[in-house]
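Several structures are given next for inspection.
First chain A sits with chain B, and in the next complex the same chain sits with chain C.
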Partner chain A sequence: MISFIIRRLLLLPVTLLGLTFLIFFFTSFLSPYQLLSAYVQDPRQLQGANVEKLIEKYGLKKNFMVKYGNWLEKIVRGNFGWSLSLNEPVIKVIGQRFPATLELTIYAIVPVIWIGIWLGVVAAVHHNGVIDQILRVVALLGYSIPAFVLGLLILFIFYGVLGWLPPGRLDQWAQMIVYSKNFHQYTGMITIDALLNGNIPVFLDALKHLIAPILTLSYLSWAGLLRITRSSMLEALGQDYIRTARAKGLSERVVVNKHARRNALIPATTVAGMMFIGMLGGVIITETIFNYPGIGSFSAQAAEQFDYSGVLGVAVIYGLVTIIGNLIVDITYALIDPRVRLG
Partner chain B sequence: MEGFVKVLKKLMRNPTSIAGLLLVLLFVAIAILAPVLAKPPYPDTPYQMPQNGWSSVPQPPSHEDIFGTTEGQYDIYYGIIWGTRTAFKLGIFVIGLALIIGLFVGTISAYFGGWVDEVLMRVTDIFLAFPFLVGVIVIVTMLGPGLNHVMWALVIFYWMGYARLIRGSVLEVKENDYVMAGRALGTPGARIITRHILPNSIYPILIQVSMDMATIPLTAAALSFLGLGAPVGYADWGQLVSFSRNWIISSSGGNPFAYWYTITYPSLAIILYAMGWNLLGDSLRDILDPRMLI
Partner chain C sequence: MVKDVLLQVKNLHTVFHTEDGTVEAIGGVDFEVRQGETLGIVGESGCGKSVTSLSIMRLLPKGIGEVPQGEVIYKGKNLLKLSEREMRKIRGKEIAMIFQEPMTALNPVYTVGEQLAEMVELHLGMSKKEAYDYAIKMFEKVGIPMPEKRIYEYPHELSGGLRQRAMIAMMMSCNPNLLIADEPTTALDVTIQAQVLDLMRELLKEYNSSLIMITHDLGVIAEMADRVAVMYAGRIVEYADVVPLFKKPSHPYTVGLMRSIPRPDVEVDRLDSIKGVVPDLFHMPKGCRFSNRCPYAIDKCFEEEPPLVEVEPGHYTRCWRYQEMEELSKHWESGEEVGKTSK
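Moving on to the complex of A and B:
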């Protein structure tokens, strides 16, 4: 087990290096002037005669490896450049917005795992029955509705028609409280901060704004998890040890819950981890529709406004989170399933 | 060929798969018949949606525009019909190229194994270290918006799934007796791959292609929705949906249902198209995946 983890950890820096190389490779399409904002921390540097000097300094007209090396050095020191779309350092934007995105994804993934696995087990137990067919159609509908359509429909019904779930992250009055001096931002995740500050109205307001994005973000995923759990559960139910358990005279509930489900959950674990990562990509659409200020809506905005350093910075963060997420998934998988670490 | 007929027969037995097949055929027909169903006013630029006036307020369905118009008076019916062609164009181009790259990387990786496999799979891992949409957005930002750039960006971040799938199938088939027999007879490697291995790993690929025919145009539509894909006025479902955004949440303070047609028709087109391919892919999986035959 330990050697498995060490092997994976040793590969981590290689993957990270490859990742930054891949991201930076795509900047080859940019002119030195377009790329410059990825190197500076202060917009005043981007004025007048200074520009040529900076291009010279960072080697932006030289070969690719020089540019890449200079950029990587900055990134490692936490300097992600200057965001032209928000007029702030990119790292500051990410620092402010990442907790918002994390908050959204965590709230979205928890119900997905519960509901998805539960429905998958139900579908498998009633294989080809009425429930199975209904769930199959609902799940299919699930991934046939793209997030931007579903999100707009939710916005249309729950905000346009009913006026219940407004876009944004907080109402005006709650914003005044959250950004006042008396309110301590411990984590940047407003629901948690509100509880830590003992402010229930703000907590409820933040929660109210989260419902619609959570629905949009999680809908696709629980359909996927349902299918995976269903098929692995079906596979488990066809195994010899299930027949043995039934032959022993165990009740159907024990057979399903104790014998089959435990084994069926192994693939579901990996998929749930991958889903969390998928959701980090899905937030781009969801956050844009609901005007939710996370890194997803920032990346869309930056892309639209040719904010190259913003897009680069977000991509590095996304890659970092994904690689670490995958590592955790792999290790969990190896912990649950001995065949992986021995193989 | 015999296997293909068998699959088709099984497809016709299940009502859900018949529904999927019919939906797909319907959209294929729409794409082929687009010039008949919605005659382009300027034959040189058929993908440019015609504008019936300049008013910024959408107009409800009428005799002239049977699905109504969007803001800027783009005809929704025309956009949906030619948007079908856009969807197929995107799907076929992106999946075709991704499949070629995937076939190349996957077979080489599996057939030769060892360090070749290791290097190719690590490179694949790096491409997989992005959420798909993030990778695509990075490329589109650097290349500039536009449908052609979106297509290339999708290819660059979509081949990995095929490479892994094909590698897996080839590894599985490689150990079969007929491949061993071929090798023992001295058949050259390339011939073993093309004549023995690939035909036997074709079905999982077929399922994936069917699913991706839904995914890829939907992703492109999402990018258009974000303003990174098709240029303004280009017949594209994502753009039609994005046109509706300002009207259905009733920022004007009026009745939100007044502009129902701006979101209903484009959404229906997207959902039915995706459902067709997904139903088909799902049925194929049920027929072809032996694990499902319990």
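Moving on to the complex of A and C:
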């Protein structure tokens, strides 16, 4: 098991290198002038005839591999260029916004995994019963409603009509507390920071702003997880080893929760991993709808305004998160299924 | 010396509710198993052998299989009338079951030791530590080499023979009074088959347990059984002690089964076989269920089902022409000459 994890970790840098290469490859379709923005930290540098010199300086007319090497060197040093859309260094934008997105996705994915799997098991155990039928309809709805429609519906009902769940990340008064000197930002995730600072009102306010985007982001995912858990659970319950478990005199609870569920989790883990990666895409729509200042809304904005260095920076972060997500899935997979642990 | 009757099955009926309607898989089966004796149930695939054993254990698929009629008396109690809770105390502890394919009958995601230990923890009230020590002892007893290492292995890491030994160790671990073995050697190599049968015989003798051996293999029956029930299409067609059955088979189906075993003393070009397959449950012949495949069938056989009659003390058969069977059985497939009336 340990050697399995070590082997996967050793592969990580190789995958990352491939990823950056792929991302940078797309920039070869851009002119040197467009590329320049990725290397400039301050627009004042661009005044007058300096542009040609800068292109010369950064070697933007050189061949692809040289450019790639230069860019990679800057990325490694944490220089992601200047964001045209927000007029700030990209790395600073990411530093501010990534914790917000992380907070949103963690709150979306953790309940999804618990509730989705739990509901899937319930549906399978009550196969074709009333609960199963209701869950099937709810799951089908989740599958059929696009996130941007659902998001707008939620925004309309819970903000527009009821006024309960406002968009954004914090109310004005809470923002003033959070950005004051007395409030220490440990993680950048406001709910956690608020608890660490012992400030319950801010915690509740942040939570209030999170509910709507979490719902939008996760409905599709837990519908999917419910469906896959339900079907893999049904399959597991029909296996010979379940008959054996019953023949041993084990209670139905042990048969379902120990013998069937562990096997049903194997396909569910794969789906949960894909879901997590799918969520990164969902984040773009969700954050834009709810005006939530995270990586997703930034990437949408950057793409709209041809903020090429912003898009590149986000792509690298997305890739990194995807790779780490996959690694976690693979390790979980090996933990659940002994047949996967090779060597 | 007549031994105590341990299990008595009376007029057992099992039906299956399918999408195409309700079918009767077992239509009135009677037999008994005495303490320390082995009853062999023999027949082709689909004749109801396994369904009989699952009916006794009450492990028929829920909502599909049902026992509307009959009694299963174990130590004076009708198992069919027990609550699910009481039945669970019987399963594994009093009556244990070994299945055909040890690869699928063992749970792939738990170690074999764990699968044995959870059973003794439940039935013998052992602690985890005691249960694992006990598992090592049981593995040693069934001849698994390096048991202290093997108990931490997963089913896929063991060979087929070892897997079945682990299965036997598991099912014998609570010292059951009755063991039901459903084709325990079918999935194994011939050399391993003999070893596994020897092992089962030794253990049964040591524990003075009874055995119901379900098989399609008359060789296994000859080696293991004291008494034999031959099943065909949900009925017992012949029921006798093993020696009289082999000496003087009184049902054409038994005759057919015996003629399809290769014998070293008789030289033949091709083995005899019983033509056709077991009729499907929706299209049972009207009279005797074997009539459409029987070389000796007469008109009466197609109209009226024969009762189970006693040929000689303790030897029962379900055939209209049992008195002529000794003569008839000399001509298999050439039954025409001996008086078959074509349909």
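Observations on the structure shown:
We take it that the second predicted complex is superposed on the first by the 329 of 343 C-alpha atoms of A that agree within 3 Å, B and C clash if a C-alpha of one lies under 4 Å from a C-alpha of the other, contacts with A are read in each partner's own complex, and residues count from 1 in each chain.
Note that in this section contacts are C-beta pairs under 8 Å (C-beta built on N, C-alpha and C of every residue); 3 or more make two chains touch, one makes a residue touch a chain.
Remember, predicted model here, so these are calculated numbers, not experimental data.
Of the two partner chains placed by superposition, only chain B is touched by A:322; chain C is not. Touching more residues of chain A than its counterpart among chain B and chain C is B. After overlaying the two complexes on the shared chain, residue contacts for A:211 are found with neither chain B nor chain C.
When the two complexes are overlaid on their common chain A, residue A:26 makes contact with chain B while staying clear of chain C.
By the touch criterion stated above, A:336 is placed in contact with chain C alone, chain B being left untouched. Look at A:240: by the touch rule set out above, it reaches chain C but stays clear of chain B.
Applying the stated contact rule after C-alpha superposition, one finds that A:259 touches chain C and leaves chain B untouched. Only residues 11, 14-15, 18-19, 22-23, 26-27, 29-30, 127, 133, 136-137, 140-141, 143-149, 152-153, 155-156, 159-161, 167, 231, 234-235, 237-238, 277-278, 280-282, 284-285, 288-289, 299-300, 302-304, 306, 308, 311-312, 314-315, 318-319, 322-323, 326 of chain A touch chain B when the two sit together in their complex. Touching chain C in their complex are the following residues of chain A: 239-241, 243-251, 254, 258-259, 262-263, 266, 336-339.
The residues of chain C lying in touch with chain A in their complex are 57, 59, 88-93, 96-97, 99, 101, 104-111, 118-119, 122-123, 154, 156, 170-171.
Residues of chain B that touch chain A in their complex: 16, 122-123, 125-127, 129-135, 137-143, 145, 214, 218, 221-222, 225-228, 238, 241-242, 244-245, 248-250, 256-257, 263, 267, 270-271, 274-275, 278-279, 282, 291-292, 294.
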